[in-house]
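Across the two complexes that follow, chain A remains constant while its partner is chain B and subsequently chain C.
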Partner chain A sequence: MSTKQIIYLALIAVILVGLALFPFMTQDDSTFNLVILVFLYMTLASSWNILGGYTGQTNLGHAAFFGAGSLATRLLWVGGFPAVPSILAGGVIAVALALAIGIPAFKLKGVYFAIGTLALALILNITIGNVFPEMSYNPAISDYQIVPRYYLFLGLTVITIAAAYFLVNSRWGLGMMAVREGEEAAESLGISALRHKLLALAASAFFAGLAGSAFAYYHVSYYLNMPFGPEWTFDPMMMAYIGGTGTVIGPIIGSIFFVGLKQLLVWNVGEYHLIIFGVLFILIVLFLPGGLVEAWKKYQRWFTRWYQRRNTSPRNVIGTGHLP
Partner chain B sequence: MFEGLSQNLVFGILVGSLYGLAAMGLSMIFGVTKLLNVAHGELIMFGGYACFWAFSLLDIDPFLTIPLAMLALFLIGAVLYSLIFSRTIKLPDESKVKNSLLVAFGLSVILQNLALRFWTADERGVTPAYYQTSFTALEVRFPLVRLASFAVALIFLIALRLFLKNTYTGKAIRATVQNWEAASLMGIDIHKVYLLSFSIGAALAGVAGTLVVTNYSIQPAMGLGWTMKALIVMVLGGLGSIPGTFIGGLILGVTESATSFFINSNYREVAGLILFVLVLIFRPQGLFGTKES
Partner chain C sequence: MLSIDTIAVFYKELQAIWDVSLDVNDGEIVALVGPNGAGKTTILRVISGLIQPSAGKISFQGQNISHVPPHKIVELGLSQVPESGKIFTGMSVLENLELGAYVARARKDRSASLARVFEIFPRLAERRNQLAGTLSGGERQMLAIGRALMSEPRLLMLDEPSFGLAPILVEHMFETIRKINQQGLTILLVEQNVQASLELAHRAYLLENGRIVGEGKGKELLSFESVRSAYLA
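And then the complex of A and B:
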């Protein structure tokens, strides 16, 4: 293991310990809600990234999986089931939905896949709104505690990011990236595009579904079709792009950035964060397809070159007196 | 029963013409530039607000505000194209469609929040004095506003067709669609063609917006719904075919009204979306399109 890897691992351990000890440092509910929101977006953006970033299939129906998970969990849990099996059921239902729509949806290529999945999510959004028109209330509101929810979201986020990391560094992950770079080329090398896309979709849906389950366990009262709304697709997608699609760290940075910007601008000038976020998103799609991660790498490269130039330029070298 | 059905059918056709008009601009832009502008619903919304302003502040008849809305949206379209979309125009086709789709999503977020800022989240509508007027023929009611909207949609369909068939500029646009390389070798400035087509598409969205605000109402979150309608119609009618778009609109309108009649009006949008997904999967060239080689 190289020194660099050890430093990274130590850094991750410090962050994890800090986050695990976080509830002992604050009692403030609004801080908890804010951090939970960041976790929720991280899970959604990272899970979107598995299919959208690594496999190159722009999924505009991610909210369908988030919604399916939340719906299953909410109905089971409010209906009297224990919390943990209800939450796991949410993930399973989302995968079942993914596999059911995956085969027909992957008949569509490129942009048709994007608008097809968008249509599927809208169909579910309207239908669930019609079937369950009433607000869903938390039955046990009197003993509602935020700390277990915090740990649920923390655990889910860590598992999602770790799973994304190991998936994309596996043989399957390489296959997914090969499909993204060129479906026909990948097929000609014996990589089944459909199988890799289905796996990516199932993994993406599973974690989005679990995010929905956690959301259903966390949220006090909401309309059951609310998690199916298109903003649950578009916001995480923009976060993944702004951070950097096709990287593990990109969606994490994007989510922190989104919530941070939202907080900052809500405090100062009102509801402008979406305008600024939209502008930034357009700029990144047009000029910096790798997102902030790529910007950082470019800056590092530029800095290294500048540093090397400075140290090897003739004037400095003469000054050191080490000339042969 | 029968009267209710025929009334429903007539309403479906009248509404469908509006859907056709809403899709015409999108189809024009996609057909010529291969840019998928999913902020089209927001452009329609801006056309609606232009009409709303002219009607409520200057007291102009909503149908007379159409040139105004067209001009405003033509300029907005030109600005959007030169600032944003022109930067994706040189990409190869597939990534061009995808990038324009993403950029347009960002744009729709921006436009939606700008509208929220300017006009608040209230629903706005336009009600001229003749709003309640209607004619009855064969026991079917024809509201004047809907009939006038149908006429407007038909006029713009014919005008666009004549423009593309007979004028020099229209021929340049069609030449660019057929083969942009050959067109540019023949001395056509294809970037001007793209700019113009995008602006015309936006202007058509402006026309659709004035009709939407007179027939229904508008609010800042309406964009995605109308974008979907326009997309559905465009795919039904075959990509880039102007008359196909109009017929696609009628099909969507009749599908929706039939769903309201036989099932439940809450599911009319679902029916359109299901039709859309089915056509995408089984007949991606559209109901009237021909298969590309």
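And then the complex of A and C:
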């Protein structure tokens, strides 16, 4: 193991321990809610990234999987089912839904998948709103505790990011990236594009579904169609782009940046923050397609060059006798 | 080894290939030459399963592969180097080569295959950790061929390996193809560079407007008056 890897692992360990001890440092509910929101977004953005970033398939209906997970869990749990199996059922339902739309859409080439997922989320949003028009209340409302929910989200986020990391660094992950880079070239190497897209979709939907389940377990009261809303697709997507698609760290950074900036803007400019985010998204797609991760790499390269130039410029060499 | 029997190919309603038959025997280099738009690439795409023939039959080592999906065809030992390489520019040289050995059959020997590819193209070994997008045109072509060799093909199909290369590199590329063939690999070569490919090939087919208009020993075809006047004058 290289020194760099040891440093990274130590850093991750410190962060995880810090997050695990977090509930002992604060009792403030709004702080918990904010951190839980960041975790939720990290899970959604990272899971979107498996398919959208690594496999190159634009999913415009991630909310459908998030919503399906939350709906299944909430109904089961309200119906008296224990919490843990209800939550797992949410992930499974989301995968089933994903395959139902993915198998026909991926058999066609082109934009069908993007359109299909967009339509799926819209249809479900409206249908669920009509079927369940009443507000849903948390069954645990009389004895509601935030700390176990915090740990649920922390665990889910860690598992999602770890799964994404191991998946994209596996042979399957390599195949997924090959499909993104060129479907036909991948096929001509013996990589089945369909199979890789479906695997990426299933993994992506599974974690989005679990995020929905955790949401259903966490949220006190909401309309059941709310998690199917388009913001649950487009906000995480924007976070993945802001951070850097096709990288594991990108959606993590993007979520923190997004929630932080949003808080700041909501306090200062209110509703206008939507316009600012729209402009920011366009600017990033146009000028920084690799997101903040790319910006950081560019800065590192620039800094290295600047540093080398400074130390090798003639004046410096003569002045200090310092050679590179 | 490979036998194409009177195939016809359509792009939607537009017919691109009429009654084309050709054979590639074990150990040969066969060239398929012709002008732009003759249908050379289409024929390679049909063989690799990327498009389907509407009539006729393609068989590889006795097995009918006319309607077998592309990834299964690679598994059978038939690999294609697509036009202008189509390497994965966002991935490293090594990752590109590893993807070449993706099919189960090639996977177990991949370290031996990698050593062999690095022996044929030492340049790739030097640049193994570089992003493939940073390679020069000649190196990209090497990488594309190396990637195809990683799948341990029995028949290698090359689409315009000389495309976009400087003349000195073309010569070098053709020399490499001859060397790979001498190590026992059968080759089907599609080229616009008629002179060089007819000199290299054991046999050749001449394709024009989607039809085979001539065939023969490579060097014989080179002396045909029609070929000379059409391509070399």
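The definition used in the following text is that the second predicted complex is superposed on the first by the 315 of 324 C-alpha atoms of A that agree within 3 Å, B and C clash if a C-alpha of one lies under 4 Å from a C-alpha of the other, contacts with A are read in each partner's own complex, and residues count from 1 in each chain.
What we mean here is this: a contact is a pair of C-beta atoms (placed from the backbone, for glycine too) under 8 Å apart; a residue touches a chain by one contact, two chains touch by 3 or more.
Just so it is clear, the structure is predicted and the values come from calculations on it, not from any experiment.
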Contacts of A:175 with chain B and chain C, given as first, second, both or neither: second
First, second, both or neither for A:23, with chain B first and chain C second: neither
Touching partner for A:272 - first (chain B), second (chain C), both, neither: first
Partner chain in contact with A:155 - chain B first, chain C second, else both or neither: neither
First, second, both or neither for A:116, with chain B first and chain C second: first
Larger contact residue set on chain A - chain B or chain C: B
Touched partner set for A:191, first chain B, second chain C, both or neither: second
Complex interface listing, chain A residues touching chain B: 58, 104, 107-108, 110-112, 114-116, 118-120, 122-123, 126-127, 130, 230, 234, 237-238, 241, 271-272, 274-275, 277-279, 281-282, 285-286
Residues on chain C engaged by chain A in the complex (per definition of touch): 48, 50, 69-72, 74-75, 79-80, 82, 86-91, 95, 98-100, 102-103, 106, 147-148, 151
Chain A residues within the chain C interface of the complex: 171, 174-175, 177-178, 181-182, 184-192
Touch list for chain B against partner chain A, complex: 36, 84, 87-88, 94, 97-99, 101-103, 105-107, 109-110, 112-114, 116-117, 224, 228, 231-232, 264, 266-267, 269-270, 273-274, 276-277, 280-281, 284
